[in-house]
Structures are given as C-alpha cells and as structure tokens.
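The following pair of complexes shares a single chain, chain A, combined with chain B in the former and chain C in the latter.
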Partner chain A sequence: MYSGERPRSVHYLLLLPVLALLGLFLASVALLFSNAFSGGGGFSLQYFQQILDRTDYQIVFLRTFVASVAIAVIATVLSYPVAMLLWRADRWRNLLLIVVLIPWLVSLVIRTYGWIVLLGPKGVINGMLQWLGLLDQPVRLMFNDTGLVIGLVHVLMPFAVISILSSLLTIEDNLEEASRVLGARPWQTLTRIVLPLSLPGAFTALIVIFLASMGAIVTPILLGGVSQKFVGTQIYQEVMYAFNMNKAAAWALCLLVVSLLGLLALKAIERRVLRNHEQGART
Partner chain B sequence: MSERDTETHAGAAGAVDIRGVSKHYGDVGVLRDVSVCVPPGTFLTLLGPSGCGKTTLLRLIAGFTEPSSGAIAIDGRDVAGVPTQNRPIGMVFQNLALFPHYSVAQNVAYGLKLRRIPAGETARRVERFMDLVGLAGYGERRISQLSGGQKQRVALARSLVLEPSILLLDEPLSALDQQLRRQLQFALKDIQRKLGTTFVFVTHDQEEATLMSDVIVVMNAGRIQQVGSPGEIYQNPQNLFVSRFVGEINEMPCEVVRAGGGELEVRTPAGGLTLPAAAARGFAPAAGAAGVLCIRPEQLHVRADAAARLPGMVSMPGSLVEELDLGPVRRTTVAVAGRHLRSLTVGGEAARMGRAGAPCAVLLRPQDLRLYESADARQAG
Partner chain C sequence: MRILGIALLLALPLPILIVVGSSFNPGGYIRFPPDGFSLRWYVEAFADPRWPRAFGVSLLIAAVSAVLVTATSFLTAYFSLRYAPRLGAALEIAIFSPLFFPSAAMGVGFVVLLARFGLVGVMGGIVLAHLVVTLPFAYRPIHVAMRSIDPDIVRAANVLGASEWRAVRDIVLPMTRSGIMTALLFSGIISFDEVTVTMFLIGPHITTLPVQIYAFIQDTSSPVLAAISTISVVMTLVAVVLLERTVGLAFFVRRETA
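Here is the complex of A and B:
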C-alpha cells in the first residue's frame, strides 16, 4: 500500500471481480479437461485416439505448425524494414505507428473480405495480371495455403513491427556513430550492431505470431477455405457443426501441446542466439 | 599557433586545421567563423558552457555533419565529403557508446575486425591496449559487469587500438564522481603523453581543462573567445567572458576619465584609479568610455586596519562581509562601494579579522587590473 498502511479487510472486497473471473476461467479449463478425457462414463482417451490415429488429422497438425512457423518468419522479416523506418522517423514515428495499427481498427472479418476482393479468381490482382497479358487463366491465390499465409501475415504483422521497434528503441544513442568512427560502413553497422541488438524484439515477434496463428480461426476459414484444414477451423467445425464438445476439447488440448512444443523450441533457439546479450538489452 | 607552426605540421599525422568553419541549422548559427590549428601530439581542449558549439565542432571533425562553410583538414588533407569511417580519427562519446552485446575484448577488437586484421595480431594489439588503459585480464567481462571508470577505459582502448591520428573526446568524464574523475584525468593525460596522439577534448569544466590541456580553446556562442595555454588563459584573459568563465574574478564598473601617455585614469564607485594603458583588453579606451575593471581574488589583499598601506598598491576602504576557511586557503568577502569582492589568501590559520561589518582596507596592484569594454559585458553576461 502506497500510504504505508496495512490493507483493511474491506479492501479485499475489491479483489472479488478478479476472483470471479479467475474462477470462471479455471472452471472452463477444468471442463475442457473433463470433456477431453471423458467417454463411456469414465476416464478415457478415446477422443485423443480418434484424432491421433487418423493420418489426415496428423497432416492438419503438421500443416498448421509449418504454416504458423512460415507466417511468423515472413511477418517478422517483412516487419523489419517497417520497424527500421519508424525507428528512424523521429518526428513522424507516432503518426506512422498509427498507420501501422489502423488495420486493427477494422473488424477482422471485413479485413479478410478485403483480401478476398484482392486475391479472388475475379479479384483485383488476377484482373490486373490478365489485363497486362501476363496470365491467361486466373491463378489460385486463395482457398489455399497462399491465401492463408498472406491473410495471417497481414493480420499479425503489427505485433512484429511494435515488438521490433521497441527493441530498436532500447539501442543506446551513439552506438551507430561509434561503429562508424571505428571504421564500419553502414551495412556493417547494421549487421554487427543494429540487427543483433534488435534480435530480442524479433524473437518476441516470432513467438507471439507463431502462437497467434496456431490458434487462428477466422482467416483460415475465409481465405484458406474449408478443404484446407487448420487446427483452429477443425475445432470450430467440431463445436459449431458436429456439436462434439468432447472431441473439440481433445483437439484443443492437442493444439495446446503442439503450440507449447513450438514455443519451447523457439525459446531454446532464442537462448542460443542471444547468449551474448546483456540482460539489459532484452525487451 | 603561428603561421610557421601551421606550415610545419600541415602534413604530419595528428594535425587538425580548421579554417573559417561555420555551421548553421536553418537560421540558427551554431558555429561562426571558427579557425583553430591543432599541432600534432597536442592535448587540446575545447572549453565553453553548454550550447557554445564545442560538441558541434567535434562532430564536424568526426564527419557526422559537414560545415556550412569553411574547411577542415586532418593530417594536411581536406576531409570535406570524406565519410566518418575513412577519417583517421577515434572518438570517445559522452555516453561511451560501448556495444552491450560484446565482451570487453570484443569491443576493443571491433575496429580491428572491420579492418580484417589477422586474429593473432588482433589478440596481441587488444591485449597491449587493454594493458595500456589498465584493464589487463578484463577481456572476458561483460560490459554490464564493469564500473563507470572501467567503462571509460574500455571506450578509450577501443578507439586507441586503431592508432588514430586524432582522438576526439566528448565530455567523457562528466558522469563520474569527483575522485574517480580526477584519477582518470591524470590517466588520460598520461596515456596521451605516452602515445603522442593528438587529443581534442571537449569539456565545460575549466578546472578539468586547466589540469589536462596543452592548449585551451575557450568558446562561447559559436565563436572562439581565446586560444592559449592554461596559464595564458588564466593570467591574461582576452575578454570579460573568458575572465568570468576561467577561474574566479572580481568586477567593478568604471568610466574612463583620461587616456593617454601610457596611462588610463578611471573613475569607479570606490574612487579614482590610475592604471597602465596595457590593462585595457580588446578595445582602445577613450575618455568617457564605460568599462569593467577585473581582478583575480588572489590579487586582492585585505587588511583589518582600514589605514593599512602596502608599497606599490592602492587602497580602497571596505567592510568585512565574511571569512571562510577552505582548507589551504581563506576566502574573504568584503563590500567595497556596495559591491562584494572576494580575496583568496593561502594559509587559513592566520588570525581572523573580526566580525561582519568591521571596516577594512582592500589593497591591489594597479597593473593586476584588466579593463574590458562594457558593451562586451552586456554581450557576455
């Protein structure tokens, strides 16, 4: 307590809403577990067996994992130039940051439909390419992995921009100048000083985007199509169409485990790459 | 720095020649027609209050910005348009700018690696310069494990290992406590003497400048006020700004009554004085001109006996304000014609003069007085 007083018992009442939320959350997690492990009136692994035994389901997990890694890497790499621009733009930084974040002000569904307008068989990109005579037939840019990756990269990129920018902003003044005085050309300063010192932000971006796209639902449904199954869309189908809560719960727990494995792998890579970093340079 | 010096050193490693350099940012003039010649092997200090342009001048030498007009030559070569990384300079920054993701040895080796010096040679040179700055055995440490003083030494070694002709230092000691600062001042001077590298050091601390420099360049408001050895600057300040900025000074306004015959007669609130014509600095006083008389505290003598006289000195009546014993010296403040004047005397153990308000005599040698133009006072003040 900032006043130095001991909290009075009445103050603890303020914790009630938080405790209620926490209780609700824990109850749902418990429900999730009991749903997943139930069956035949007792404990059972039948739903997990139903999922793990099927090759097509294993492929769904693999696709989700690989696509998520790809999305994380692509979004992080594409975000670097944007973050560097914002970092350099001292006076315009806040304005440009708003521009980066504007997509978040638009509903996810509307944004995704925007991509359909661009990527569809009769969409802007195909129309343009055909008009230029570069294509005879429209190429499939959506309802496949391409559309899904484009859509999720777009949705998740602002996370990467912010995370990399925050890392760049922790770089002490004059480090670049010091590097120049010591004889470094601009690209040497970039590769030896700026990039290494912004890596903590890049890893944060990779992890956040990987996890977010592992659990994505709306974008995979609208841009990936029903045939291109994603773990998120599978769970959505089990809940909304098959009404199989037990199987959905088992799916969710499998997703949790796969995501966790991915997270641990990324953390291990991060530790290896950043073993030279000072504690203070981390974000 | 005579013309002859300039010619002799023009091509030698370690010479910096700054000619008529001005720097404007939009309408704001940061440097105005600055010319300095730094002979090789000099410890030169740019001294001035913050905002006087000293750091800008350093950054121009480093090549971070280009002058709006004028020319800079390093080692006799015009460096206009030469990028920083190709100038034969090193720089120690105010915040040191050490690379936090490298160890101490990696920081020191950074420039050598960029130059593709073989690993064995790099290791030898790193070791030699770590030794020189007193950090032998610290190579594996992380930057965050070092104390402030050790970081200074790493920054120094990182620059010196490349054996630059000129090392630029931008107030590198300002963040340190007094004791460590003093220690590093001596260390810096010592290293400079050993290597014979030209050091251009920026500071706002006149004591630091006096302690370390061969040559001090006093700057104010984008202009050079005076160039000289620490002794010259202190003994013979060329204008009121320099007298005020370097060391303590007593001031008394006056009006010139008569000028001529190698003498000046002035009227002050404390009475009339006659001084040698050479006392006037930076202007030729004519009768009726307003001026400011200045004298250093150690040149003022205070006596408890209001009638006291000393040979060759003039006396002014005053009253005691306070006496402070500052270890080796005593600082006496007296009021003369309503103005507080300070006197410093060595030997604080002498008997005190009495209580505040006691009448006393203030004695001074007329030839110790300096006379500056009062318009100058308005500008500098």
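Here is the complex of A and C:
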C-alpha cells in the first residue's frame, strides 16, 4: 500500500495505542532495573550480592539453564517425527494440525494437571504398573527432575512441531523428486535435503522453548515440587511470600541476562550450522 | 519413523484426554479410566460461586484484551504499510521483543509497575499485561494479511475520489478480514489461558480461571478441578474449530519468506 506518500500529523495518532503498550513494557523493564539496583536510599548492588554470593542460588541458575537446554533439545528432536508425519499427510493435515494446536493452546496449568493425574503416586501410570504386578510400591515419578523434564518437554513440544512443520512446508515438492530421480536413496534425501532445509524451524523451536523453559513457573512448581528449585519458582516465592520486590527484580534481571546469553549462544550455533550446510551443499 | 510420529502425536493431547475422562468419574477422587459416568463434579463446580466467577472474569478479560489488541494491531499495521514501511520495520522489532522476555521476569516487571498505580488485583491491570503479552500474536496475522493488499487498489480508490476513511472501510478492512479474525481468536485464546504472568497480578478480589485452577491443584485433589479444566478445554477447542471453519489454520504454519 506504500506509495511514498508522507503521513500527515494526524496520521501519527494511529500509533498512539501501540506506543502506549510498548511504553508500558519499557516502563516495566526500567522499573526492574531501578528496583534491583536500589537500596539504602541510593545505588546499591546488595540484592545482587544476596543472590550471587550464595552457592545454592548459583546452583539454581545452573540447574535451570542445563534443564532448559536439555528440554529444548529433547522437545525439538521428538517433534521431528510428528512434523514429518503432518508434512506427508496432505489430506489429513488440518485434522492432525488441530491435534497439535489444541495441546499448544490449552492452558499449561491444565496440561500440567494432566501429568499430575498420570504421574502421581496414585496416578494412572503407577496404578497400571501395580495392576500388572510389576510393582509393589508406587514409584516416585513426580517431585523430581524426571517429572519436571517430562512435563516441560510435553508442554512446550507442540510449538516445536508447528515451527518445524512450517519450515518443511517451504520445501518445494520437485526438490525431493529431483533428488530421487538423480538416484539418491530415501535416507540420503532425508539427511541431505529435508533435514538441512528444516533447520531454521528447528532453531526457532530450540530458542523459543529454551526461553519459555527458563521463565517457567507453574510446571516446575507443580511437577518438580518446592524442593526442586527453578529460577522461576524462586522469583515467584520472592514476590508472593517474601514480598521483597527489590530482590525479585534482581532475580528477574539475572534470569534475563542468563536467558539472553543462552539466546546469543543458540543464535551463534545456528549461524554456524547453516553456513556449514550451505558450504556443504556447494561442494 | 512413521509409527514413532503417530505415537508421539497421540501423546500430545493425552494428559488433556485423561483430565477430561476423569472429570466424569462418580467417585470422590481422580481416577482414570473412570468407574462410571456422572456429571456430579460439574454440578459441584457450578454450585461453588468461585468457579463461575473466575470463569466470567477470564472470559471478560479475554474479550476486552482481544478487541483492544486487535484494534491496536490494525492501526499500527495500517500506518506502517501505508505511510512508513521503514519505521514499521523498527516498530515490529519492538512489538516482538516481549516474546524474548522470560515470563517470570515479565511477571515481576508488571507487578512492580502496576503496583505503583494501584493496579494489582484489579481487572484493568491484568488486561494491560495481557495486551502486551498478546500484541505479537495479534500483530503478525494482521500484518501478513494487509501486506498482500495490492497497492494499486488503494491508489485507484484515491484517484477515483474516495476519502481515506472510505478506502479503509471498503477496501483495507474487508481484505484484512482473515487476519483480523485470526488475531481476535488467537489473542483471545492466549489471554484466556495465560497463567505465568497473570499469577503475579491477581488479588483477593479478582482471579482468573487458570490461576484459580493452579491454586486449587496445590490444595485439593477433588475431581471438581477436572470438571473445570474440561470446560476450559472445550472453550479453547471451540475457538480453534471456529478459526479452522472461518479462515483456516494455514496461518499457524506459514513462514515468512521475505
């Protein structure tokens, strides 16, 4: 619609609502900084010291980071077979897409609740194993790292499926056909054509899931339990039970920095991998 | 590979199906498969005024947020595409930036900001937060739909003497319809189901459905929760099917090629 026409001043009013919302977001970030660095009536690093000096808190950050990377990788890898299935299913794609979209859009509280019903000590899985006579005592599937990883992988997986499928759908049909006609075996077509071309979607999935997992609160509290500390659960407790907004802000900024470092690392890996594939394709 | 794909695909809705299934169990505890069929827990859910109230609050917040954020996105996309593509590109980066912000950090940011204006524990505060959270999801479908409008059509309307308002009403608006519909339903669903940021902003007088479900999960194992969850799932399902019937789901799997 752009025709080089210059907007009249009245047109700038159209931007008012969006600028108000972005201003709101910016203000909340600015207040995070001013809260975290304040104390004793002026600038202070005391809240950061309270967090970063404690070994157990350092471990919480490390745990959250490692778990989030693992969750992102597992969810992305597991999403490939599903995305491939939807990609091949031309006629049924819309129906199958709904099967993926519903779990993505239903509130994550409810999906986590489903896992509690499944994994709990009186849950479906324990009940089944006992009924089959494989177990005498219920096994602990919840309130540990297993429950937390299973839950977050499942909660965040639908997005990865959608992201990878979007990339697969950009592959032109004749590319696969050309590969076949030129004598490539199916797995060669898969590894040399399909996988490389789907990488952008896979990396989007990795990044989004990593960030979502870093900032997660509900699933870690409900499936990991209070003893399995996650950065998100620490922040939530700081706000809701300790009412210490300054320390919560310092926590949030630390979380932001760690998340951004992870994001930049993933972006760097993405660039490297995509470049290697381009070079590989040329040779 | 194929069998693995099918198994994993079916695993995605599994926990939801388990919750739905166990909501019809007549017994006093969660059980799957259910022992029988009973609507007892649905009756109990509606008998407790807290559930209909939280449901109504969530629905209202979702409706208000969806309308406001869709209108905002429409105005922004129109200005950028019609008058200032370069400014628009810069704005877009700002609009998408909240997506890269971990929810927990966003929750703290909002509670600190809104507390200054006494907006924590009020509906207005939750709506403001939801507007920021849903903005990228509403902006993208509208921007994609509006971008594909042939500039010559708008120019022709101009040449033929149509006012700008008329061109927007009779050309841009109808041609962006699918994007508007997607934006409304998509942002409505996200707002209705949002929990991680919202849980910082509730108060003694106001809470949303997902946050209340979260609070109850920790206190009780009553199947009422399964019944409430089922109702919430049905709401999301209705919205997705509505989206599929009206404008299709292609939007979700479209990748920006530009």
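Brief remarks on what is shown
The rule is short, and it goes like this: the second predicted complex is superposed on the first by the 267 of 283 C-alpha atoms of A that agree within 3 Å, B and C clash if a C-alpha of one lies under 4 Å from a C-alpha of the other, contacts with A are read in each partner's own complex, and residues count from 1 in each chain.
As a convention for this text, a residue touches a chain if its C-beta (ideal position, glycine included) is under 8 Å from a C-beta of that chain, and two chains touch if they have at least 3 such contacts.
A quick note: this is a predicted structure, and the numbers were derived from the prediction, not measured.
By the document's definition of touching, neither partner reaches A:Ile150: not chain B, not chain C.
In the superposed three-chain model, the partner touching more residues of chain A is C, compared with the other of chain B and chain C. In the superposition on chain A, A:Ile98 contacts chain C only, with no contact to chain B.
Residue contacts after overlaying the shared chain place A:Val60 against neither chain B nor chain C. In the superposition on chain A, A:Ile209 makes contact with neither chain B nor chain C. Touching chain C in their complex are the following residues of chain A: 1-3, 5-7, 11-12, 14-15, 17-18, 21-22, 24-25, 27-29, 31-32, 35, 78-79, 81-82, 84-86, 94, 96-103, 105-118, 122, 124, 154, 157-158, 161-162, 165-167, 169-170, 200-201, 208, 211-212, 214-218, 222, 231-232, 235-236, 239-240, 245, 248-249, 251-253, 255-256, 259-260, 263.
For chain A in complex with chain B, the touching residues are 172-175, 177-185, 188, 192-193, 196-197, 276-281.
Per the touch definition, chain B reaches chain A in the complex via residues 62, 64, 83-85, 89-91, 93-95, 97-103, 110-111, 114-115, 142-144, 158-159, 162. Those residues of chain C lying in contact with chain A across their complex are 1-2, 4-6, 8-19, 22, 29-30, 32, 68, 71-73, 75-76, 78-79, 81-85, 91, 94-95, 97-113, 115-116, 128, 131-132, 135, 146, 149, 151, 154-155, 172, 189-190, 192-196, 199-200, 209-211, 213-214, 217-218, 225-226, 229, 232-233, 236-237, 239-241, 244, 248-249, 252-255, 257.
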